[in-house]
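Read through the structures below before going on.
Two complexes come next, and they have one chain in common, chain A, joined by chain B in the first and chain C in the second.
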Partner chain A sequence: MEGKEQTRVNPLIVWLFTTNHKNVGILYLVTSLYFLVVAGILALTFRIQLTVPENNFLTASAYNQAVTAHGLFMLLWVVTPLASAFANYVIPIQIGAKDMAFPRLNALSYWLYLASGIMALSSFFAPGGTADWGWTTYAPLNTLQYSPQAGGSLMGLAIIILLSSSIVATINFMVTIFRLRAPGMKLMLLPLFSIFWLVTIFLMLWAFPAFLAPLILLVADRVLGTVFFTSPEGGALLWDHLLWFFGHPEVYILLLPGLAITGDILAVFSGRKLYAKKVIVGALIVAAILSYIVWVHHMFMTGIHPGLREAFNITTELISIPFGVITISYILTLVGGKIRFTTPMLFAIGALALFIIGGASGVFNSSVALNFGMRGTFWVVGHFHYTIVGGGITGLIAGLYYWWPKMTGRMFNEKLGKLHFIIYMIGFNLLYFPMHALYDMPRRIYVYEAATGWGPINMLITMGGFLFGASFILFFWILLDSLRRGPVASDDPWNAKNYSIEWNVPSPPPEFNFPEGKVPVITAQGLEFRSINEIVGGPVSGISARIGPSKAPNIPANGGTPMEHHGPHLSPWPFVLSMGVAMTLLGLFFGPGLLILGLAVFIGSLVGWGWEDLKERFHVAIEALGEKWPFDKVENHTFAMWVFVFGEIGLFGPLFMAYFFVRANASLTGFAWPLPGQIHDITLGALNTILLFTSGLTMSLALIGAKRGEEDLLRAGLVATFILGAVFLAVKGFEWSELFAEGITFGSDISASLYYVLTGIHGAHVLAGLIALIYLIIKAYKGGFSPHRHVGVEAFAIYWGMVDAVWMFLFPLFYLI
Partner chain B sequence: MDEVWKYVMVYATLMAALVIEVALAVNWRTLGPLSTAGVLAIASLQAVFGFLYYMHGIYGSRSITLMMILSLAVIIPLFIAFLFSIEFPPHITQITEG
Partner chain C sequence: MAAPAPSADIWHSLFNFYLTSAITISAVVFAIMIYVLIRYRSRGEANPGDPEYRIGDLSQRGSVKVAIALTIILGVLFLGLTTSTFSAMEFMEEIPEDNPDALHIKVLAFQWGWRFTYPNGKTLTGELRVPAGVPVILEITSQDVFHTFSIPAFKVKKDAIPGRINYAWFEGKYAGEYTIRCYELCGVGHAEMLARLLVMEPEQFEKWYEEFSSKG
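After this line comes the complex of A and B, so read on.
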């Protein structure tokens, strides 16, 4: 909070309305640590239950809820958001940018994350409690028949909002890292954390929407009564594939940030360059690709084709190779180094050691034969906790100690930090290592008999759990103590100045990260801070050939903002919009009053956000200079829209695959799929296709009008697109009402379920497009577009084209074949 | 060719493809799987047209096209896995017998 403008504002308002990447990072940090405490307490409750045989501390239902919520909170509300905290705080600085590409979207990501967390916590208070089906949410346990409580549906909606938040963040980071790098900052020059985070967001780009797909189907089953997971055509296998298609990339989404921080810290505190950095990055990319073709190893026992099992056995064993390469490179980084055993370094070494144990136990699981024996036992629990908590969270804790002085300007107590490390490691290993000895104990039971002999080991595990929990109390004490009376941190307390940019700016950094009027430049001699004029004025020696006067015009940023102008870093709308979403969805469960209020807030926030844009009250300092490979030919907003479209393929792709799977199964179960024209009117479907095709033409004409400065063509094109889209929705509404009148509802059969949900999701996209069109039309009539300022129209044309493209498949799938 | 006319031509092509698509499904249904394959092939071609012109992919960078291909490629393993899951459907027998 160093900006002059912000110091005059009430601190509460600043924190609620901030769009500064560092503040957003701190908000992520505090919130994810809060959820860590919640998830930890839940874990301790079910550990108490398992401590002794035939215990009755928890009921079966309470145990199941605690286990489910613990898993979901840790995976979705703790690990990745904690990594996001660091990503938000340090990545813009590491790449040499003043902020994220879209600061308001960044704030929106955080507030949607918090809103989803509030919804998830609220699910405990819904009648019957929260979800109790295990974090994997396996069908048919996730259906109303086995989990009728409303809290389960609320948890499902909470995850949908969380994933939406992550998708927004993914787009923002993708544009930021690719397009806002400082002059001379090639991708390979970035620290490992930024590189690994870039790969992580590539995984998030397709994995999170892919999880959105089954969740939408699940919520539809539970709320609308569709039959995706209760009919024989879909059922358990449909859920399994869709879940694990997301689930295995998710493992690396959880792991990679911590693993990256570990590598950075090992290099910094051993005083050595990373050993074979290019090989590490190559191995990382190979692992990321392989992560999309290993998921079936979670499904070896589902009765799938044996050939499929063999294939995924091989890919799973293959993926251990790149991680072996990364691990060996890390170890070789230490060889010959002058190692400083600071607290961050100890945690980094610990993370590496724990990850090696977790990785080694994982290789056993890839074997189909061993997998049959170990699946669903505590061996697997031990394995994945060594990987995710040992390799991932321990690395993130190392990161918190590492960047704490930079974030707060305060040092922490090193002695206590080392004590924390000792207790943490003892607690961790006491908690998770004995689980490998319970290779015959099923992981999803809440009570066991004394005759099993599992009691003593469980006692040991619980003791480890409490010790591990105690280490976090000490951790929080160290952080609070540092804030209260920690010594002032220098700019570079770890002597990491030559490793990454953040150690070359004050602790904490100024509002726009770098000295006023200067930008970082990477030259052959290293990092320099230069004025814009120095760079724009003429060729600068040592900087990438791509950077020169012709590539560095003093362009208006975001429609008229000079490059060095920084508007207020506050906007209320991300906060208000997210609260509107949360209230609306909570209102579905807790009363219509909340629902109506939520809708009003949501609509109001959209109007407010649009108004803020039209009045240009929020400015973004776009970096016109710098490295943008390989996306140097697209503008930020256009690129963001493309990234969104790529993510949409991750959503619609699995939905179309679900259609394919269900339809193919129908021929085996004897389900008579409706013939073309039997239920859905081909004429109406064709009419809607014509409407969308025509709207694609009018939208293209609008863009041509914008590019040529022909305002009449622009306005006419936009208005025509709006009318055609609205008529499309009206026709679709008519079709739905006719079907309902004929008694064909959401749950009539699997074909009806598919039709309503897929066309419903598409219809929601059309509706969202119409809302955006209202904004564009108003802006067009206010003269807000010109031949040089029309990125909004261009980005929307891409979106509308995607809506058209999706319908090009929906029409034949439901009307013609 | 004027840009406006180019888009009108694209529109006309899409409409022509729609007519053929509907004709295949309605009038040539007797072709069976060939009709289905034809309809899906036309839909795919329409989508390629949609990407190139309505989404203006033809004017975009090669990197965008590559990302688009990558995005589609990610889905392929899911298709293959589903395909091999249909062939051995014990879950179906379990559910139907249960």
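After this line comes the complex of A and C, so read on.
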């Protein structure tokens, strides 16, 4: 029924306004492949430059920009978004849900991703070109003094938007995977891809905000003139610690989706269960936790205390153990099977083989002593391409072949697929293996002398690069050819219907994934589709249906949604909002007209989104009926907010660490930290503390009012909270203006920089809270809340509590000590 | 051919040890993998038969004993490698401060080059001259951005960080000419941030150093 309705909507509108997880997945797929091509071409240009010694195909500046953009694009705009494409498309089906928990936020993640990509591409055209400091962006080369080009700042902002997009996606997936599983779908029953993705987003939840923190400091340095990375108290090592604290979890974020797909495919095409799945998952969790305590292995040469280095040497070696266990379990999975060498299977085997080589070279890197040779050389370049491209991207390519028939309804040419595999493997190894022989050649040099003898190996590498590039031309040809005239795919072309749910539904699946009016139910006998009434009506035999009739969501009998204003699954606001963000930020660099237009669009989209909510125009009923362990007790929005707060810890944690790092260094460099009361007025600080604390109490009262249905209390509480928050901001503004009048600005010294940026970030949180409060107040006055429906108030109370809590740290740090 | 510095000797023997272990382990793993792939390949293509897995099946394949054994084997292997690293690290990092003969040099990295200051207070830019067979202690820092000091042939490397001093040491065994390079991207001049290291016969060095010190 919706299908017919949808065909009447202009297809362009569908793609722009879609919130359906499968459409969003395809958008991710196309966009990430586009960036793969861009980043690949960049790589080929600098490989041409290195083919022979003393070449002058590129200038040093062009080389540095190309190598920087290549790294950033591949790491941030290609690998994870490509994995997200599959996660979006497949995971809701694999867990047995009709869509993501928050379809509009899902669309928002995608459009912010695209917005950030447009910004990153535009940075090439900003005056002076784009960032040229290498993807690692070491300080203080990344500051205005040494890299004045505006494109660098734009790239920084682009990454900030990209990370925001990922954080939104993380929250959405967290709620989806924990709370929308089909009845009987225990976490351990999920395919590896879903399980590994869950671990991946746990890593993202702390790693991405941890990268956001130094980027905010960097952009502040470059735009506002703060001195985080130019002062000796912060400087190079502050950046190093923050970057690599993010950096190591990041490499697993890049690897895990591909590694997971590899495992699933090995099982499917050998017809065997995964060997020791529990051990695999356990090893994965151990590795994920360890990944937060190995970052110093990227800093072995910085002169850090030797004891620390030995400790990190050991943790790094330890992390090889779980990966070794996973690798061996994968191989053992095949034992006793009937292995079918299809294209996806070949790529999965290839991914495993390449990952083993990458793991082996990683063990060399973990040695502090060997690092005297390896650090900063092509050996490291070889190592991480074997792991990330070899293990990660090869696995994702296997996944694309595997799910392609599901996503498009078309088969591809197997013979050409196998040819692709052969060219891919030869090209890859010709490209990356010889890099290990260049363990004396520095990374990121645009030219080298003939006397070094590096010429012939570089020639080989470039040839491999072009062969590898060619394999992608064939790849895209295979895909296009399949779209054009590939044979129609059955529901289950790989004989995988016993492995995961997506092979039990049509190719491509209908809008809400499952047969009309039915949902998947997992029992000890296997998968069944049962009618919704059967489940909502009461406990179903063999499963734990925890939802009683009273809490049962109102799902129309057709399993879809009632026809809404925008048609099913459509909302313009994620798209409009993201474009507003992009225009605003691009306007900073390309003209105030764009800036003003962007701001108008942005504010308009916030209003529009809020309006859509108030009018309940967008409603896709996706409340699940099944497994929610271990988060049975919370509601989706509240859970989402808790996840968000967790992510905020990942942002404020590193910011506070920066504060302590600077304070500790200040005592070494002899920097005179201002005494309490010397600069910041303790009385005003205390006043603000009281204001915020009181607003916490009024917010609690509002929540009590909402829960009891006492509308007056709710309204009064919300309004009081708003006023207190607004006064807080006003006092803050007064303090800032006083300081400015005294001549204390962003860049006066490191203590001023810290003060402005940390309280500024906190102030921005207060401001965002006030905007949300306006929405809640309007809704409260329209009678939009009841004792049963007040998740908005509850979620906001959690948010506001966090904003309070952060201030309780900021106040003593800046006013009292 | 023996390496030109004790640090490089140690490094190469450690590297060879890692390389031998890595090749052995990977060879075993690859051999098993290839054997398994051939042995269990599907013969009758048409009907792959019923797979062993089933949605909803929580029962596990494989044994915990294998996993534990595997963890222990891998642990012993990796930690064995690590201990061999630590002794090498001690040698490479132990600054011979107590050695009265040691030559102390201050190294300043800048965009884009290297400046070396001798105990006599005089500086050389783009060239470092030292006597063979004598430990040289380096005090490394940077005047602008993050650089990495290295003598690749000696396997000596340390970051040059503004506002910080890092220490490193080396000893050239024989007279000869070597290259000093930067190993951290430091701007457009990074590729050309080279200096010449001249290891001299001790007598020759003495002679040169005297002249160098007395020059105006």
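The criterion applied here is as follows: the second predicted complex is superposed on the first by the 788 of 817 C-alpha atoms of A that agree within 3 Å, B and C clash if a C-alpha of one lies under 4 Å from a C-alpha of the other, contacts with A are read in each partner's own complex, and residues count from 1 in each chain.
As a working rule, a residue touches a chain if its C-beta (ideal position, glycine included) is under 8 Å from a C-beta of that chain, and two chains touch if they have at least 3 such contacts.
Since the model is a prediction, treat every value here as computed from it, not as a measurement.
In the superposition on chain A, A:237 makes contact with both chain B and chain C. In the superposition on chain A, contact of A:794 is made with chain B only, not with chain C. In the superposition on chain A, A:654 makes contact with chain B only, while chain C stays out of contact range. Residue contacts after overlaying the shared chain place A:442 against chain C, while chain B stays out of touching range. Once the two complexes are overlaid on the shared chain, A:676 sits against chain B while remaining clear of chain C. Of the two partner chains placed by the overlay, neither chain B nor chain C lies in contact with A:596.
In the superposed model, A:334 lies in contact with chain C only, and not with chain B.
Annotation for chain A, partner touching more residues between chain B and chain C: C. In the superposition on chain A, A:303 contacts both chain B and chain C. Touching of chain A by both chain B and chain C, each in its own complex, is seen for residues 232, 235-237, 302-303, 669. Residues 59-61, 64, 132-134, 136, 138-141, 146-147, 184, 186, 188-189, 232, 235-237, 267-268, 270-279, 301-303, 306, 309-310, 313-314, 317-318, 320-321, 324-325, 327-329, 331-332, 334-341, 349, 352-353, 356-357, 360-361, 363-364, 366-373, 375-377, 440, 442-448, 495, 498-501, 522-527, 669 of chain A are the ones that touch chain C when the two sit in their complex. Residues of chain A that touch chain B in their complex: 206, 210, 232-233, 235-237, 241, 245, 292-293, 295-296, 302-305, 307-308, 630-634, 642, 645-646, 649-650, 653-654, 657, 660-661, 664-665, 668-669, 676-677, 682, 686, 689-690, 693-694, 696-697, 699-701, 703-704, 794, 797-798, 800-802, 804-805, 808-809, 811-812, 815-817. Looking at the complex, you find that chain B touches chain A at residues 3-4, 7-8, 10-11, 14-15, 18, 21-22, 24-26, 29, 35-36, 39-40, 42-43, 46-47, 50-51, 53-56, 60-61, 63-64, 67-68, 70-72, 74-75, 77-79, 81-92, 95-96. Partner chain A is touched in their complex by these residues of chain C: 7, 10-11, 14-15, 18-19, 22, 25-26, 29-30, 32-33, 36-37, 40-43, 45, 48-58, 60-64, 66-67, 70-71, 74-75, 78-79, 81-82, 85-86, 88-89, 92-93, 111, 144-146, 148, 150, 152-153, 155-159, 161-167, 181-192.
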